[in-house]
Amino acid sequence: MEKLTFRHATKKPLAGAKAQAITGVVASGNLEVLLERALPPDACTVEIETPINGYGDVWEAVVADFVARAQPGGIRITINDGGARPDTVSLRLLQGARLMEV
Amino acid sequence: MSGWRRERAARDARIEAGRAHAAGKVVAAASVVDLLEAILRPGDRVCLEGDNQKQADCLARGLSQCDPARVHDLHMVQSGIVLPEHLDIFEQGIAKRLDYSYSGPQGARIARMLYGGQIALGAVHTYLELFARYFIDLTPNVALIAGVSADREGNLYTGPNTEDTPTVVEATAFKNGVVVAQVNEIVDRVPRVDIPGDRIDFVVEADKPFYVEPLFTRDPAAMTETQILMAMMAIKGIYAEYGIRRLNHGIGFGTAAIELLLPTYAERLGLKGKIATHWALNPHPTLIPAIESGWVSQVHCFGSEVGMDRYIRERPDVFFTGADGSLRSNRAFCQTAGLYACDLFIGSTLQIDLSGHSSTVTQSRVAGFGGAPNMGSDPHGRRHPSDTWMKAGREALVTGDPALMRGRKLVVQIVETFGEKLVPTFVEKLDALELARKLKLELAPVMVYADDVTHIVTEEGIANLLLCRDADEREQAIRGVAGYTEVGRGRDRAMVERLRARGIVRRPEDLGIEPLDADRSLLAAKSIKDLVHWSGGLYEPPAKFRNW
Amino acid sequence: MSDRITDPATTSWYEASARARLDGLLDPGSFREFIGPEQRRMSPHLPLFDLPRAFDDGMIVGAGRLDGQAVLVAAQEGRFMGGAFGEVHGAKLVGLLRAALDQKPAALLILFDTGGVRLQEANAGETAIAEVMRAITQVRAAGVPVIGLIGGRAGAYGGGGLIAGTCSRLAVSEGGRISVSGPEVIETNKGAEEFDSRDRALVWRTMGGKHRRLTGGADAFADDTVAAFRTAALRLIDTAPAFDLATLEAEQARLEERIARFGDCRDGTEIWARLGANDPAAIPAMTTAEFDALLAQIGETTHDAR
Amino acid sequence: MTLAEILTSLFPDGHAVSVADGLVSGDGPFRGARLAVVGVDGNTPLGIEGAARLSRLVLDVVRAGGGTPILVAVDSDSQRMSRRDELLGLNEYLAHLAKTLLLADASGHPTVGLVYGHTAAGAFIATALATRVLVGLPGAHPSVMDLPSVARVTKLPLDKLEAMAKDTPVFAPGLDNMVQTGAVQGVLDPARPLAPQIAAVIDAMPAGDTRDALGRERAGRPVAQEIAAQVVREAALG
């Protein structure tokens, strides 16, 4: 298992008031994403546990794109990965953000 | 002039030798080895019918049991290397040379045997190309074919999986060759005559029905959101845009998703009757909802599909069927139709390089390409216009007199940026080149050449290569849809944004598609059972696809 | 994968995640989770095997309302480790059953989706299953119906099949499977002649939802939608049998009669024919309406002997 | 110990316990009354017929009343693995057997499980694990699955699993590991008469299910009790 942590400064807090949301399932090629409104509005962290080692730079790119796109200020994101492909990771992150915005 | 009839005399001698093991034309399954040893000569060119689906498996077992001292150094000329016996005969010394098209299930073993020098490889052809060579320089001396039934005169009913049989028999029977057919049963009267009896020399009643692989069944239950998203983009960004009515689909999940979105997503876009009406396609079970919803005018088939027979019988307005009611497929004609009469081919691949060359060959698997290179190429012999073809031609036109412009066939690759086990689809260099180097092949096994590809669809977007004006634009357009692969991350972001402004790279949002809407609820059928319901109970799926 | 429920009437139970099933099963907004994912009470054992963990260990427990009635619910996520029972996974269900003794809800619902015991935590899983079965009988004896809902992709296998057999009532869909040994396990141990696990139609004729409903192994047959399972659960709550000597005597008689009557049958279709189905081969393809009509015609498959 | 040795030690004055088709049934004198014995012997797999016969025996005891304790003696294989057993609903038969034992216990018939040989998977759950208290004898080896099969399913090398099994009781087969998990309360001493030992087990029976507490004390199931207790607490908050 490889553990990765990314911290990003964000320009604005994520919309909505929901305190937490979870999406996805830990299964082969899938992942679960837990989002919690637990940080100052100018910060976002993403912690990942993945069984596939050596893809740190891909995760970094996926997370950076997501943060740039969703501006998830104030959100602590924790991921249990089951070996998902990057596009699935992006999709789950966006789904999670949308769930928090309601 | 006996000097002009040596082949004919040799043929007569073979047949006479074979008659010793037959009653008339009929041969018992137990006598197959004797028959084959009697009619085969060392060095013969042999077509052991291995189609995409139908397999002359009884004859394959018989050939693999022949005595290599009597039958050896055969040159196998057949489209499919599918059964273990197809390669066993090379290990045993019965066969030596090979010219073929497709080897899906045996792709890994064939690679090992090529590396080991057990097979002398001619070429990995496309179907049409191999069929063409049957009539020029690869004419079989002996054809070992398969059908459902025959009468004692040899009149053959192939069943719905006619596939390669007429082509193989045409080339063999009319050029002094010997044709042996295995059938599931010998009957007094066949339901319809697919091959007239005077082209068949021996009929073997097989010990069990020939094997057919359900190659075109894609279980909707396994379809992912990513594949649905790609299908939405293809429908909106390509099918609708170019008004594609005449087309061929590959066998992947991405194209199966398109089939399942026609009666739902595409219907909501108002595209019914405007796209996807005329098909060159195997009878994909996933096309059933579109057929039942009135989307499909007609379908011509390369072969059939396990479980679709009853459904096809009840839909003769859509499918090509015989007087007996069952499907008549024909690989050579359908390949020709796909090449000349379709405006779009869309399929998948394992690797795409920075120019757009693609291949399913990897260093450990030589699967062959089947029909994809025919379908996935721009036929320069085409002379009839269509709006789709002309629009693509205009997009590609760079220089020259517009009055002399010709159209372009749309050749679309629909791929996820990563395959199984996070293997990237986009690569700097195809594995096929390394394979060619190691095996000293003169021609690298490329499936679709870059100059034939017009679009690449991934979950990240669509790259329209027709609109690229130089190699650099082309490379960045490809990188621009290559997602998080190394190729994708190596993009020039500013240039990709400029290409996006010109519509060369289009993201889901550029097409008005919200990726989060790519949901399985859009599928017209979510399971094989749903397909059965759509068919009114006429589709009878193979046991391995059932969960009821 | 449908995590967002759009419409319970069309959402497939088979395809939905455990959370989505709960979401659509219960009255909207009424679900309150115990030990939610934010508590990160994950398996202490999976890291030893270098396997990924899930925040809820594949078992979601909590309270909610079903048509206004207070219920306790447990849902297994069949896609995480095959929904198998590990230490945390099992302990959450044990705790829920114990809570039912205090809370006396209108029912306790178990949304099964499990291959049985999680091998990496086999002893904990096996023991938890034994604890669950004891607790279920206590909850039932206290007058709280325990209703099992079975229609997930992992089915109810191994110890999950035994727990299902302990419930007051079971609802099953066509895709649901209930069994102890799975087809692959039987094939591995006894050979493909005993059980060809690739013959999926045979698998379903042997342990699928319709067969279980026809033979009285389940009490209600539901369409594969979240709404249909909700309807079935509501109906079953009102008809749950007591847990006492009379019930078990009746069950003893029912099971002995099954052996006497069908013990020589080799295939589900033979059993269905003896039950009075005119065209047993047609049953797998029947729609729910046709199947309901058949059940009504046969009649005897409904009982209180559980 | 063999079943015969167990019965001799348990009933020194003789008994009426017999074995047929691997199924154990009968009773013997015990503390001035009787002790009923049911079980599985000889590493026999438990199928639908066997389970139905055992459950009938248990119901007979319950129907007769009088608080007769029941000893469930087990040396079994796993559940019988066959298409026919599953076709006829083996899960119902095994669950029913467990329910009869649980009903007996709830109806004043103390139930004691005694594993003296092998037992596994569904057969284990339906018999020994469905008693109020389960004890073992040295040499017993209950398991969920043997390590070679675990290796096959988990795709881990057998030698690695064997090494892990040494200090990870949660997954490895064997009596000691089931003791640490709390499923087996204790191990009897074969050198001493079994009757008083079983009597002591019955006298010391806990009121509730203490297996998770034992598992925590013995470190074989470190978190189960705490998790279950937390669920109960959070449920009470509503």
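The first chain written gets the first letter, and so on, giving A, B, C and D; residue counts start at 1 in each chain.
Going forward, a contact is a pair of C-beta atoms (placed from the backbone, for glycine too) under 8 Å apart; a residue touches a chain by one contact, two chains touch by 3 or more.
The structure presented is a predicted model; accordingly, all values stated were derived computationally and were not measured.
Central chain (C-alpha centroid nearest the global protein C-alpha centroid): C. Centre-to-centre separation of chain A and chain B, using mean CA positions: 41 Å.
The geometric centre of chain A is 46 Å away from that of chain D, both derived from CA atoms.
Centre-to-centre separation of chain B and chain C, using mean CA positions: 43 Å. The distance from the centre of chain A to the centre of chain C, with each centre set as the mean of the Cα atoms, comes to 33 Å. The multi-chain contact residues of chain A, meaning those touching 2 or more other chains, are 83, 95. Residue positions 225 of chain B are each in touch with at least two other chains. Applying the touch definition to every pair of chains gives A-B, A-C, B-C, C-D. Those residues of chain B whose C-beta lies close enough to touch chain A in the complex are 224-226, 416-418, 422, 459-460, 483-484, 489, 515-516. By the touch criterion given at the top, residues 1, 3-4, 17, 19, 36-38, 40, 47, 50-55, 77, 79-80 of chain C touch chain A in their complex. Contacts from chain A toward chain B in the complex involve residues 52, 55, 57-58, 61-62, 83, 85-88, 91, 94-95, 98.
Chain B contributes residues 221, 225, 519-521, 526-527, 529, 532-533, 537, 543-548 to its touches with chain C in the complex.
In the complex of the two chains, the chain A residues touching chain C come out as 1, 20, 22-27, 30, 32, 34, 36, 49-51, 78, 80-83, 95, 99.
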